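When the chains are written out, they are named A, B, C and D in that same order, and each has its own residue count from 1.
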Amino acid sequence: MNRMFQGFVFGCIIASSSVTNADFKPEPIGIIETLPEQYPDHWIMAQDLSFFHMLEGAVRVIDPSEETTGDQYKGQMTSSFIAVFEHSKVRNEHYVIESFFSRGGRGGKRTDLVTIYDPTSLSVSDEIEIPAKRLTGMPKGTQAALIGEEERFLGIYNFTPAQSVSIVDLEKRVFVNEVATEGCGFVIPNGARSFSSICGDGSFLTSNLDASGALTSSTRTETMFDPVGDPVFETPIAYDDNAYFLSFSGKLLPVNIGEKQISAGDWLSLATTEDEKSWRPGGITPMTSDTNGNVYVLMHPDGGEGTHKNGGSEVWVYDLEKKKRTNRIELKNWSLVVGTSGTGKNKFLLATNTDMAIDVYELPTANYARTLTGAGSTPFVIDGLN
Amino acid sequence: MKESKNLFDRISEQVSRGLAQNTSRRGLFGLLGAGIVGMSSIPLLPVARAAGTGQPQASDLQESGDDQSCDYWRYCSIDGFLCTCCGGSVNTCPPGTEMSPITWIGTCKNPEDGKSYIVSYNDCCGKSGCGNCLCNTNEGDRPMYVPAKSNDINWCLGTQSSVYHCSTAIVVGMAFE
Amino acid sequence: MKWLDNLAEKSTRKLARSSGRRSFLAKLSAGIVGGSTIPLLPVARASGGGNSYPGVGSQSTGNLEDPGDPTSCDYWRYCAIDGFICACCGGSANSCPPGTEMSPMTWIGTCRNPADGKNYIISYNDCCGRTSCGRCMCNRNEGDVPVYRPQQNNDTNWCLGTKSNVYNCSTGVVLGIALE
Amino acid sequence: MQLRIVSTVLGMLLSFSLLAELSPEPIPNVEILPKDYPDSWIFAHDANFASLLTGQLVILDVAADTKEYKGSLDASQFGTFIQSSTREELYVGETFYSRGTRGDRTDVVTIYDKSSLNRIGEVVLPGEKRAQIVVNKYAMQLIDNDEYLLVLNFTPAISVTVIDIAKREVLNEVPIGGCNMIYPSGKRGFSSLCGDGTIMSISLDKKGQVIDRTRSEPFFNADDDPLFDKPMYLENIAYFPSFKGDIQPIDMTNDPDILPKWSMISEEDAKENWRPSGWQIISASDEHLYVLMQKNGNWGSHKSGGEEVWVFDTSQQKRIKRIALKNPGFSIEVTGGKKPLLAVTGTDMTIWVYDLDGELQRNIVVGAPSAMPIMLNAKR
């Protein structure tokens, strides 16, 4: 049966061993690359949701400072069925929250997992099965979050359409609890062992956990924003002790999400003049921030009802320290997604354009540097590791 | 080898008739033919011995060109996504993948020293298709009934997962001149 | 090698940005009931004739009371759709492709029929159990609200309550006339 | 939760007026295809190289300018496909992993009902050895009036799994070392081409056991001028083109009978180095072979695709027509029936449809931008 193949193999041996005199060392086979334990902080995790082939998304590790595809591309983690990516600094682990079907595209038994990757080898170090009910859909940064200072728990938003949050104990590697959040969704952490969810009426629900991950109490606020007149996007950015939510009309709402009490601050406006009032935020991931308290918002002119996913031609920069808009960055290409990475010299603004390639701008100059082409077919989320 | 020699002559003839675009690396294939290496089962192979050192080593090989380009000399008979564009290198796999022990082998001429080398196209397996730098060169490729010479086959064999990710091009030996 | 180059070229055949909105739709409610859809890139809109999707045959309802091309993102029923149009995928404006399963829960929009000027309740049932159709991506967001109001959001995979949660395409089914 | 949703729907419906110009439409509503497909329908197999887990077959009416897309089947990880001509069934050979790209492997033949496209059965294949090769019709075939389904295995040891498809039962595994692919031959058997230029033939009994095995003398040289591994059957004769442009007919009625080969290339053509090239390069209508041809072909260009389709009369063994393609072709298929059409997968990976006079009729996009419909299956 295998005779034919052995024939080929022996042929090769003869050929190879006959050149023992030549000044040549054969290259080793079987070497797999590894990555540094701590990635340089300007590297990005670009998540290709693979919209046209949802069973084969990938989280791609990319160095946006490099010039060629090969130098940029560091590796990937396959992420199945519009997955969610999280990274724990405390544990130095990657988490891919994903779903599998025993018969692929036509379904079969569904299994939802938290797949744990080692950042150095990008190989699976463990997996935790969770209830097969996580929300699947377009990416929102708050679909899952690490809870508590020690980042012991991972909360994952479920939607069946009943709403709840699955709590996973990352230390014990088990699913521990499902917290009902009826009428509210998402997981917004606050550093303490509790998390908040956004409710359909514009209020917030905070769920407090005990050391085992069980729900001890929950509190619900008054309405903080108008979900019909001027809704806020699902995903806030965190700075200081506040979560800053962005409204469709282009205002920022600071919300102090504490363990016991939630309070909203005064609205901040991105627009500074009357002329700018027709500009609206929009995109698949329309807002990001950096470590210095700058918020970056994707903006388009002539906005109106239904334009909130259109993306934009500019990125407006708002400084949360100075409480004012400090820059309008004109993008090279119309873009749908923004992200940032890095500190100091290697600091970048990234924007996925309508060709689904990622444009790289250097910060703080906002000069266009290059376009990354190896980020996959639909890179909808760009995470820096800060 | 007689048959191969004749074949080589005929290929060279074609080259001289000006059909080829990349004459530098054309026509050498088939000199030795191509084969499969069962790395784990054939310990005598220099390939296997070298792998035992565990570290990629810079050989004395003088090379030139862009290893992220389909025109790079080692890729004379490759088919798939180049690992150099996928987090690996010309002879290593991207992190978290597994290198297939069973490989398809080509013979490519290095334009720097004019010598022909045996190149092993080990696939990296276990992650979804890389999607970058797709390259398909078919010199020496044969239909499926000559499986050892067919690049239409998924060579992620003998790995934990047969899902194909990208292809390397490892110089494992020197070919007869 | 030529075909590979062409393939790369083809993949740049990308969806255009949307433009032009119907402000009247903003005033109309879009409600849920369960819901349908998957989301996406803002899409190609008809510019001149045809459905603006290359390589996709145009269709007609053949019904004067239901005017338009069901393969076009501009078709009146699709005012709040988000996903691959089933009429391009072996289904129709109101039916799923063979072998798929129609989601029993649907996201509902209110769209104006230009033939009679009346507002209809449209149910955007998803068809599930096959990998993405990939043809005729259409995303219109009038009345869309973020996911914390799931009943008014089209970012959610509404293949819920089906044997398979794998999303294939979206329909736009007339449920009835909305009260003015 | 679902109850609440249902009541919400009812609530909304109650508030509708009865003035509807358009009647409420039924939910759910899923299309059904005819049991007997029109001759102009084809199955376009999208190999989907960048996302192999989501390969698929798309059913297209290539004669239609509207509603040309009829439906789809999934075909995961180098899937194989064949239609039954005696049952209303379609078969897809595919591979799944419990964790998508990793985990436990399961190989199956999925059985679909032709008109509902619903999955009606599944045969689990033993041994985790189903051949994963770029879409090829001869990796899975039906024999003996479609009673038996044969599935190719490759580990790289090569064998064929024999399935009683009516009973959905695996009967046997036949090793065919040194040879590859499944070309139906004889009453209940198959042949395989071998690397040494011979053809091996195997006859099976009703239980799928081997009752006879023969091997021909060498009749081609796989180094010098290989035969393509994807022939076209006309009646019982399989026509294999060679890289350099010969046609090798083999009569498969009984044990393979190697008929005299003939050349598609005239002296004139040879000066321009015309060669067959592409993926699925040969198809047929009536007594005529259609072959995708490339000008200035060379060593290694046999899968590049070509700019013309040449038509040959099999009895006269000569060319009767040249069709210049608007866009270079990669794969071709001619449909059956009274008004056959030539469907060409272009190098742009969209489908270009011509009439048999070579007039371009239409262009069809199959799916996502990355779709690769490189194998076209006419109605069987």
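Basically, a residue touches a chain if its C-beta (ideal position, glycine included) is under 8 Å from a C-beta of that chain, and two chains touch if they have at least 3 such contacts.
The structure presented is a predicted model; accordingly, all values stated were derived computationally and were not measured.
Enquirer: Comparing C-D against A-D, which pair counts more contacting C-beta pairs?
Expert: Output for the comparison: C-D.
Enquirer: Of the other chains, whose C-alpha centre is the longest way from the centre of chain B?
Expert: C
Enquirer: As a quick test, compute the distance in whole Å between the mean CA positions of chain A and chain D.
Expert: 41
Enquirer: Nearest whole angstrom, what separates the Cα centre of chain C from the Cα centre of chain D?
Expert: So the centroids are 32 Å from each other.
Enquirer: What's the distance between the Cα centroids of chain B and chain D, rounded to whole Å?
Expert: Each chain reduced to its C-alpha mean, chain B and chain D end up 29 Å apart.
Enquirer: For chain D, write out the residues touching at least two other chains, lowest number first.
Expert: Those would be 5, 50-54, 56, 74, 100-103, 119, 156, 195, 304, 367-370.
Enquirer: Going by the touch rule set out above, which residues of chain B reach two or more other chains?
Expert: 33, 36, 127-129, 131, 134, 136-137, 148, in rising order.
Enquirer: Where does chain A touch two or more other chains at once, residue-wise?
Expert: Expected reply: 4-5, 52-56, 78, 104-106, 108, 124, 160-161, 377.
Enquirer: Give the list of chain A residues in touch with chain B in this complex.
Expert: Against chain B, the touching part of chain A is residues 4-6, 8-9, 11-13, 15-19, 22-35, 56-58, 61, 68-70, 73-78, 117, 120-124, 373-374, 376-377.
Enquirer: Can you tell me which positions in chain A touch chain D when the two form their complex?
Expert: 1-5, 50, 52-56, 78, 80, 98, 100, 102-106, 108, 111, 113, 115, 124, 127, 160-162, 377
Enquirer: Show which residues of chain B lie in contact with chain A when the two form their complex.
Expert: 32-39, 42, 44-48, 50-57, 59-61, 67-68, 82, 84-89, 91-99, 101, 103, 105, 118, 120, 122, 124, 127-133, 148, 170-176
Enquirer: In the complex, go through chain D and note every residue touching chain A.
Expert: Contacts found on chain D: 1, 5, 48, 50-54, 56, 74, 76, 94, 96, 98-103, 106, 108, 110, 119, 156-157, 175, 177-178, 195, 367-370.
Enquirer: Spell out the residues on chain B that touch chain D in their complex, using ranges where they run on.
Expert: Touch list, chain B to chain D: 3-4, 7, 10-11, 14, 19-20, 26-27, 29-30, 33, 36, 102, 126-129, 131, 134, 136-148, 150, 152-154, 156-157, 160-164.
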